[in-house]
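Next come two complexes, and both contain chain A; in the first it sits with chain B, in the second with chain C.
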Partner chain A sequence: MQYNWFDRNLKWIYTMPAVIFVLVMMVFPILYTVRISFFEWSMSAITPPKWVGLDNYMTLLKDTRFWGAVRSTMFFTVAALAVEVVLGVAIALLLTRDFRGKNVMKTIFLLPMVSTPVAMGLVWQLIYEPTIGAANMLLKAVGLKPQLWLASPDQAISSLIIVDVWQWTPMIALIVMAGLATIPTDPYEAADVDGAGRWRKFISITLPLLKPTIMVAAMLRLIDVLKTFDIIYATTQGGPNLATETLNIYGYVLGFQYFKLGMASSLLVLFFALVMGLTIVMIWMRKRMEGRYE
Partner chain B sequence: MKRFRKLCMLTGIWTLLVSVLATGCTGISYSGDKNGELAQPFLGKTITLVTANHPWADAIRPLLPEFEAATGMNVIIQGFFEDQLTQKLTLQLTTGSATPDVFMYRPLQEGKLFYKNGWLEPLDDYAREDAEYAYADFSGEAIRSATVDGKLAGIPVIMEQEILYYRKDLLKKAGIPVPDTIEELISAVRKLHDPDNGVYGFIARGQRSPLVTQVSSFLYSEGGDFTNGQKATINTPEAMRAFSIYGGLLRDYGPPGVINMSWPQASAFFAEGKAAFYTDANSIYKSAIDPARSNISEHIGFASFPAGRSGTRFYNITSWGLAMNPRAVDKEAAWAFIRWATSKEIVLETQRKGNPGARYSVWNMPGGTEGFPKEMVEVIKQEGAGGVDHDRPTVVNVAEARETVGEIVQRVITGDPDLQQAADKANAALQAILDKEAE
Partner chain C sequence: MNKHKKAANLIFGGLTIMVLLLFAFPFFWMLLASFKTQGQIMSTDQLFIFKPTMDNYTDVFKEYDFLKYIFNSFVVALGSTLFALLLGLPAAYAIARHNLQKLGLVILVARIIPGITFLIPWFILFSKLELIDTFPSLILSHMLVGLPFIIWIMISFFEALPTEIEESGLIDGCTRHQVFMRIILPISGPGIITSSLLSFIFSWNNFMFSIILAGDQTKPLPVAVFNFMSYSEINWGGLMAAACIITLPVLIIALLAQRYVVSGLAAGAVKG
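== the complex of A and B ==
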């Protein structure tokens, strides 16, 4: 009797833990954030949240600091992603060729990815230190002028992009290497018969066949770069002069330093919409490309 | 059989889920022995104390068993890093938790917000009604720092003033006396600035928010303040002069990259012998003279904050206090602990270990000063009475107000050509914070 009931409802019972988990840990917080974004609340125990309608959103949309954060986020994301994808593919191509010490090289290339971002942030802060840092020593050694790096409002964000590229290019390379391994050899043999050169083979065979893989890698990385928090918080905390304040950092500041929970929530809702929008664009691009090469 | 296996698997999944959810987070806790045959008024009671990872907590920890033996109380103590402490307290107090019963907090940073949010029990009645406690013995500035809306929101534990750290050897070599005024300080900094030989003239905090407390003494000494009643005053000529002096010193005579330095970096820089002058709180002197960093620690001198156009007006504030959770189950027990921890005897003990306390009488006891360098004691005694009772804008939203002020100084450091415009904008932002809070 009982067994029958279980049997009939197995699909529900098996999926229930996962469904409950998703509801409790993801759907509820998101809906709660949306709700709080219409209130003004400092987490007070005596003053309850005050309904302010769309005020938080209006304030944010008029806030130059918010738009600065949007700009920083977009610049950081686009620049870091572009460099990482190009370098990642290049490194993957190099590492799939046969040479001595290939495996050692592979391991070394992958090391930055496995290190802890906050610890790396602190290390890079030392590297970028204008007086005693390794970066300036290197510049001096080759006869260039020392730079301010993270201490300059103009260079700070580029300096952070370098850190992100250093740390995350290996991830792209890793995924692309996996993609390269699945490319069949016969198109190359056919191309050899037709007398195609190396470059031609890369453009006409490798790249098209690799595109879906690259798109997946880029999309995973896109979502990650957008929400970069650790290395920025560990090095500049959004400074100097807000030059490196991304939406994530600003949201953190609003919520946990200014205690403007409503404002922080509305920022996160806007950020959520942005991430969602970009992801949809990426998926659409991927679908279009797959359609073309299939 | 198959069905049985399915059932087993099902049970397994659920057990796993429940056990994962049920695994709570447990903090590191310490509790001393609780025995002793004295009359123990709080026998069997337990209170939770949450502290910052601060030398004061290290000093109080070994004294707890004695308190527990005398009262029969069991004290659970948990320590957190500064940033985490605020988050931990915020979360716990928001949910209306009865613990921690007693906690360390930063009156000027969080006091107003915490009080407004109903997270701090007013302690006036406890402290004033108790003649033995000698409430009048506390420094007036310290008490004012810890007072919100006329109520005592916490008991001062650590006091600090801004002082001038300097290199005796460099001054002596150049034949320069210790500067008494900001003017003299600027000219001394200029003379000793020698980056080619690894010594910068001046170092202090350059990071946006952390610098605000240290520029405050410059601001007061030049005749300004962050606010005047309900009016923001950070674009006045006095304020502009103070910000230009502080930011200018860092820009022209500070190391490159100073804009990213808070006190840990700045004090380390000074301790390594790379700067001639350094202004910061006296309470961090141990980092500034850290003998492990270099061999110049013996050459470090301490002086009172130099005088500006309006005289010597340094901040003199409570940087850490002890507060009681209004939802604590046993407030008598919580007060008994605060009373003990801030009594003359215990303040003497913690002060011996280098924690500058807020009780006058302890500074006049022979043991009260032995935790500090002799010169420093002179400065503290001199600065201990008087001064300004705040070192940052006294608003509810301190964090935002600090960043607003800090931006002006950072613009001085980066050499913004249109400073007045930036200051006017910042002033309007600070005014908006004040107006919002006055509503």
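== the complex of A and C ==
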């Protein structure tokens, strides 16, 4: 075997470029955001950043718009995640049966999640259009009153949740389908011998065995749904009347429309802490659950 | 087959078709509207049967300079994917073979952190370097989208390769670097394809980084379409044609490489 300096240090040489990239593009920006969150600055070259301590955080915690964004983020996340998980599992179960055209079905399922969100935002805007949209046509066809959808402060966020459900339920379904394929058949044979019905088998065998897969799928989705930006910004931009302004959108507006970089940064630090915190809780819950099974 | 089972099959079949229609509907609607005139979109009696027009598509290319935006999108998506591969492949190999799992975890964090947290510092940094509205800043930011996919998918791929392959190479007198370049990389096709496709798709779709860092010169498709929605009165046919053009490349990739895309998206799931 040939050993030279390059080869001996290969693992550092191989990882160094990626590590430097991550430091410059990820670690440095995070630290910088934390730092600027203690300053007041509007990116002007004349007035330098002014140290204000915790003022930005204090202002934010007293800001009703901030709490509105917290509420919207929570509502959007919890509702979208719950619907996607239930629907995703149901669809996965529906599609486990063998039927003709199953592969076509899987392909069509893949399309919503790979399509460009901004483009899909446009399409949904046409669907939700109160006078010419397909959504109201459908309501009229079944004898219901037409709605305002995205244009109504009360319905806008639910309308966006429908879009998110359309786009991401397939991901949960595909992951759960992969999980279903790994479930052994013998528990079902034993249940058949005992004369268990379909529902009974689902509750006592399928669901418990599927629980870890569902948890993972839900966790992956949670991380992303908290950060939903494209669909919201491309359709309502946080409106009407701030009804769909999530933390992500408010942070963006503070930073790049009002140029309150300090305030925006303090919001982003809190948002960052929220996302990381929730992720860590989810990982911890999953570890505990796995521990119980062992 | 008894009657009971037949009825159950019918119900399942019906449900399946309903689910399919619901998920496919927006695409169908987009495609239909892209071939309609504004008048046809406005009138409810020409929903499915109408005289199709190509005007929306010719408008998009003639009036809005769409070719330029397509070019921009390709440069950024290809560039960021290539550079992310360049950084990611060796790193993933070292992580997989030398048990540097902690490092892998740090890179996964990039997927968890809200992208908007990076934007203010990037904006300040790239403004100072006069890199706003240039391809380098866009490619660098999009690399942060692709790199976690590439590293995570490739770690599991390299881990699954038997170590005997490397050992035989070393016995034949290759250096470790040569083993990686000449033996490992050539057999890593499937993993590289999967991770590159995902990196490409998510860069192509990216909106948040581009809307801040791109300008008139480098604007990729999502930003371009978003802009001409907010400036003009709503020309639905044109917008739908634009939406079709943006979505087409990713749909083609998804259709041709379905297997890879699914396994790539699920890779995060398996790894957790």
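Following the convention adopted for this analysis, the second predicted complex is superposed on the first by the 282 of 294 C-alpha atoms of A that agree within 3 Å, B and C clash if a C-alpha of one lies under 4 Å from a C-alpha of the other, contacts with A are read in each partner's own complex, and residues count from 1 in each chain.
One rule holds in what follows: a residue touches a chain if its C-beta (ideal position, glycine included) is under 8 Å from a C-beta of that chain, and two chains touch if they have at least 3 such contacts.
Remember, predicted model here, so these are calculated numbers, not experimental data.
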item: Touched partner set for A:V52, first chain B, second chain C, both or neither; value: neither
item: Chain B versus chain C as contact partner of A:P130, first or second or both or neither; value: first
item: Partner chain(s) touched by A:F6 [first = chain B, second = chain C, both, neither]; value: both
item: Greater residue coverage of chain A in the superposed arrangement, chain B or chain C; value: C
item: Partner chain(s) touched by A:M43 [first = chain B, second = chain C, both, neither]; value: both
item: Partner chain in contact with A:L122 - chain B first, chain C second, else both or neither; value: second
item: Partner chain in contact with A:A234 - chain B first, chain C second, else both or neither; value: second
item: Contacts of A:I161 with chain B and chain C, given as first, second, both or neither; value: neither
item: Which of chain B and chain C A:Y14 touches, first, second, both or neither; value: both
item: Overlap of chain C and chain B interfaces on chain A (superposed complexes); value: 6-7, 10, 13-14, 17, 21, 43, 256
item: Residues on chain C engaged by chain A in the complex (per definition of touch); value: 12-13, 15-16, 19-20, 22-27, 29-30, 33, 41-42, 44, 47, 86-88, 90-91, 93-95, 97-98, 100, 103, 106-107, 109-125, 127, 140-141, 143-144, 147, 151, 170-171, 173-177, 180, 201, 204-205, 207-208, 211-212, 221-222, 225-226, 229, 236, 239-240, 242-243, 246-247, 250-251, 253-255, 258, 261-262, 265-266, 268-269, 272
item: Touch list for chain B against partner chain A, complex; value: 3, 6-7, 10, 13-14, 17, 86-87, 90, 93-94, 96, 113, 116-119, 207-208, 255-260, 274, 396-397, 399-400, 407, 410-411, 414
item: Sites on chain A touched by chain C in the complex; value: 1-2, 4, 6-7, 10-15, 17-19, 21-22, 25-26, 28-30, 32-33, 36, 43, 91, 94-95, 97, 99, 105-120, 122-124, 126-127, 132, 134, 137, 166, 170-171, 174-175, 178, 213, 216-217, 219-220, 223, 226-227, 229-230, 233-234, 248, 251-252, 255-256, 261, 264-265, 268-269, 271-272, 275-276, 279, 283, 286
item: For the chain A and chain B complex, residues of the former touching the latter; value: 3, 6-7, 10, 13-14, 17, 20-21, 42-47, 125, 129-131, 146, 148-153, 236-237, 239-242, 253, 256-260
